[in-house]
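Next come two complexes, and both contain subunit A; in the first it sits with subunit B, in the second with subunit C.
Take a look at the complex of A and B:
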């Protein structure tokens, strides 16, 4: 039985808290077994055809662990596995190989790009993949709807007892937030490391871990974190960022206690830089910034513009350095980040989130999962989680790039429902969701912000680009879009690769 | 009619631009070769923009190759016009 969302999506005002018991904290006399080789490891874990295995993506495009394990699985001929990976990157070519030969027959993940995304889009995976959100993934694991038989956790450093840390070792990546649910809820947990030494801080305790394996390298540090994250130099992008901060100010969000999240994309980072100026100017101190943490946010935090950073994933080296030295730079799990039923989830406490889009339609539905040709190019990550939780979710984008308009009649795939999106800021004006009609009137009266409707933006784009020809996918469903509450939001059809 | 006597090139391969190459050919027609990142969506419109510009310039005996990176029509027309002028 493969993993599948069943209930159709329906907007919910709120989710009442639930708790999800795990048994590992109560383990007594637990000892982590050290294995010396892949042979010894596979003899211990007894991986069977049809099982579900999991991986986290903190090593991102530098990860060597997923390929190492899948190569071994292919060598051993273990078939029909489900891979539940928090995200999949171009480096994961062994997973693509395993899919094409039916060693892996389903992928459950929050983001995929590269060879695996192509294999899935072209209909090569036997069962439909499930595209989750970061918070939804944590919920699916904690509620045991997604039952993980074996979790393989790449750990940058481990001590002799088997405790794990993301903050030491040559592949240090900071927070291990996406691996926490796997560690506490998988039947068997295997930790793989290249560094065994005493730890300054424990991210995952040994009681979660069943076996540990030391390898030469768990990944290439150059692919794990970027040395520096760069703000866009494009004047159009910078102008969008400036207008976005003006919008936040006019809507009343720039005040003490502001909580904020932004992505690592060029324009999103520029918004953080503009916000930095604005907070200083108005002498305002925010309560926290969250998410994937970048150097831009670390700078603001270290200059006292935010009291705390909640970090589920470090995006660059300065975030990794900060989480090691700053007490109020706090590592959180994916469940604390975005599980809708977690009473303390961070996204519900967000005022403003800045997000990207590859498409946004007249109903404010956003697509960051597929291109216009139905090919999978990414996925929600925390997009749908933060849009739901935040008071004000702002999409930032140029209206047109490379003749493709971000505003469309109807998105190819719904990643984030329009019910949870509040505004779009483009170089051709700002559109506000009709549910904020009072705010729109106020902005028109009291500011000089260029307010437009989504329809006006679509008309401008069509004038510039011409009306695009529709591209029809094939019939086969290759992936299911699972909303953060595990309902079914949309489906993705096989792309027509003759184009 | 205008017939190219040498190769004329205009434009770049940056996003939102296109590179146009106009070369002499042996007959009295204009052959258009289009490569585009948005061919599936806008191929016909882009070919029309190229064809219209060539007609306006009374071009003949030429092969016009366009490598498009998502340029808008006015960019395509300007690049074609310049490449044609450089080939004459």
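Take a look at the complex of A and C:
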């Protein structure tokens, strides 16, 4: 059959989409359907017991979509779901409720805190949860190891065709990097928005979207700035930040073309501020900063200190404003960010990453997932991804906080293997991984930086705090630590809440 | 089965994509395969007699990809193909060759010129060709009326995951707007590139791409500026342009928020230059300019005279440079541009469009598809789309060129119905469509613009050139004029080349 127009032309006052067959999605050969209610949505998606559903965390602690959907799931009594959320925040109380009543029986995520972390730590989730990295999560989805039946995507704005953008709307969050793999690979993709209008930039094309639901509010953008994304004001922390930049300089990294990332902890952010001064002093221009992007990095970029920002997630509203405004503030997917098998991944192009730690041990293994009491209080996010990819991964921390030492004999949980960590900067000195013995000798000879060994730091900490008493967890495994290549790195046991 | 990591962690020096199952495309559940040769490509895509293949025209007369593929098709003897190309240029001589030997038996396109237009006009193509509009082409693909078996997408740059960009690489062409529907809906999508590198901006995501082939060159970017995209230097043309802007002003369109488009003809481009002056004089800021974007529009945008550029295609290298640099120079797909059933389409938001004509008749029907001798010499492109969508569609033309009148009793071929055309500006006066009788009276009273009727213009032309002798074509229908809503608007008969 050759292609030919068949209906003769006649002038029309207007074209109504209703008079024409609905637009088909190439992806699965069905329409992008606009549904009017949760009832209509659930009738369409046919969510069944045992399925896997996913969420992204770009609205962080301001997200309203996960609770909305889980409340409806509880109301409907759908059971035994796996929730694959890129991260989980304290706001997600409905997930905790759903776990305790077995509506949700597994959580797969890169970070969890609040009531969900407590529920999992206390053994209330039927199956062991899986703690991923941001890059590993993308890999698990792209390789189809993690199969998502229904992805619920909070979309700050959507156009009538069903294209999605994070950059417009009342709850604009900027990049939608963590939702890309879900949108590409989930069997059914549901977009939930509170703003339908023409888009300037499409983050997720309509061919990925199966159903569109409009709600009053997808969340509170003020919640984007939450948890770990504020710069420290503590003078000890600021001194550590300054020393970290001196270390970067002494190790030869402060030069044109520098690529840099910093985590969202208070001292890590202070390093960015110190680096700002140093780059200006030395008139150095970096090639890019990446990761979760903050106002601190936006300032440096807008002042020409970095040529580009690669943004998998906006950490604050300055970053949201910048990604809408600045051409070289570039949104990337989690796969482009940290999937180890993506040949263009950004973390492999990083010179230096600055990261925090709850614990770091004599082998430089880092824990940012659990407390010393085995209770889950966070997760890798991009920690293990950037440590692996970067040339030089620096952990920054006060040696002792609240009478607890960051340096320990052996971390409670391995989030990031010591194989991929290069230095620790504390208020009691700088430790360099033994694999960099030449650099260590050079630093000792040519700088006045206070170089120490990890063992010396441990001894100082033990003098200050006393040797810590190890806290033994219960036997039950409540979570598996999945490394970024999807291998099993460690396990988390149920915490003993009688202590 | 619950999700769980199974392989225990072990440090790896690097991750090679080869050690891992290939990335899967969500779209059709198979891999994005990198092929090394045309042989390997054709073995993979299984192109068969009678299939429909597609191409885009962003490289215009510089495109090397269509010829490369058609030469291979001829070599392999694959027959009876339909070529759905967004436009066809003189460079595409292999398509003409393929038509004459029945390797290709139908062409579906929005514009054709050169050897292909001659072959079709002379009846050498087995089936009637279909002349679409740019918006109608998107609709025909999205509604699955036009089913593409294999889309060949010339991609100026590609990353290792298979994402495509028009904005990097040796043959950067900017927007890939006309290739989007093909990428979303074709059964098999082949990306052909000469540049593999990390991308700053993804125009087509890898989930659409089935096979990637690297070649020495996809074309000559100098060929992007070709055909109709140069501003006129003729003083008569410039005077028409000036009068057109006066008409826009008198009709109340030169005001803040103006949205504007101009075709790529010499006088149309001169209107943009005149408008530039007028907007500066009146300190007016337009909301957007759209369409094929030229350096003239980029200048206005960069000087703040338009807030945004909506770009379905870059008409010159200034536009290519701008879309890479300027955030509010926004790439749009052909569907977002002109699909009448896309509720967000840009043409429906247009105030004024400036268009050319080969012929315009007493009913304001316009022909830009054939000469008076019925020979195909172009096509609608976005002509009919923008005329329909805009509030005021102005045709600009010299009344007489090379002793031929643009105003005729009845156009040889209807490209754009008079229902959707509002005014004609010539060097012998301005004609307004009778439906605007109030505006006409107002213009006569309040301006010194030389208002005439279409009949008066025809009479003047006939005095100047003599009444033209109608040229009768042969009986065979060689092409169907498809309106933007996919209805049949007119037909083109075989031209009589004995004349």
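Basically, the second predicted complex is superposed on the first by the 462 of 499 C-alpha atoms of A that agree within 3 Å, B and C clash if a C-alpha of one lies under 4 Å from a C-alpha of the other, contacts with A are read in each partner's own complex, and residues count from 1 in each chain.
Quick note on the criterion: a contact is a pair of C-beta atoms (placed from the backbone, for glycine too) under 8 Å apart; a residue touches a chain by one contact, two chains touch by 3 or more.
A quick note: this is a predicted structure, and the numbers were derived from the prediction, not measured.
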Which superposed partner A:277 touches (first subunit B, second subunit C, both, neither): neither
Subunit B versus subunit C as contact partner of A:437, first or second or both or neither: neither
Subunit B versus subunit C as contact partner of A:464, first or second or both or neither: first
First, second, both or neither for A:102, with subunit B first and subunit C second: neither
First (subunit B), second (subunit C), both or neither touched by A:37: neither
Subunit A residues touched - subunit C or subunit B, whichever exceeds: C
Subunit B versus subunit C as contact partner of A:201, first or second or both or neither: second
Contacts of A:401 with subunit B and subunit C, given as first, second, both or neither: first
Which of subunit B and subunit C A:488 touches, first, second, both or neither: second
Complex contact set, residues of subunit B against subunit A: 15-16, 37-38, 40-45, 69-73
In the complex, subunit A residues that touch subunit B: 372-373, 400-404, 464-466, 468-469, 471, 499
Subunit C residues within the subunit A interface of the complex: 2-12, 15, 17, 20-21, 23-24, 26-27, 52, 82, 84, 105-106, 108, 127-128, 130, 140, 142-147, 159-161, 184-185, 198-201, 205, 207-208, 308, 324-328, 330, 335-336, 340-344, 417, 419-420, 480, 482-483, 485-490
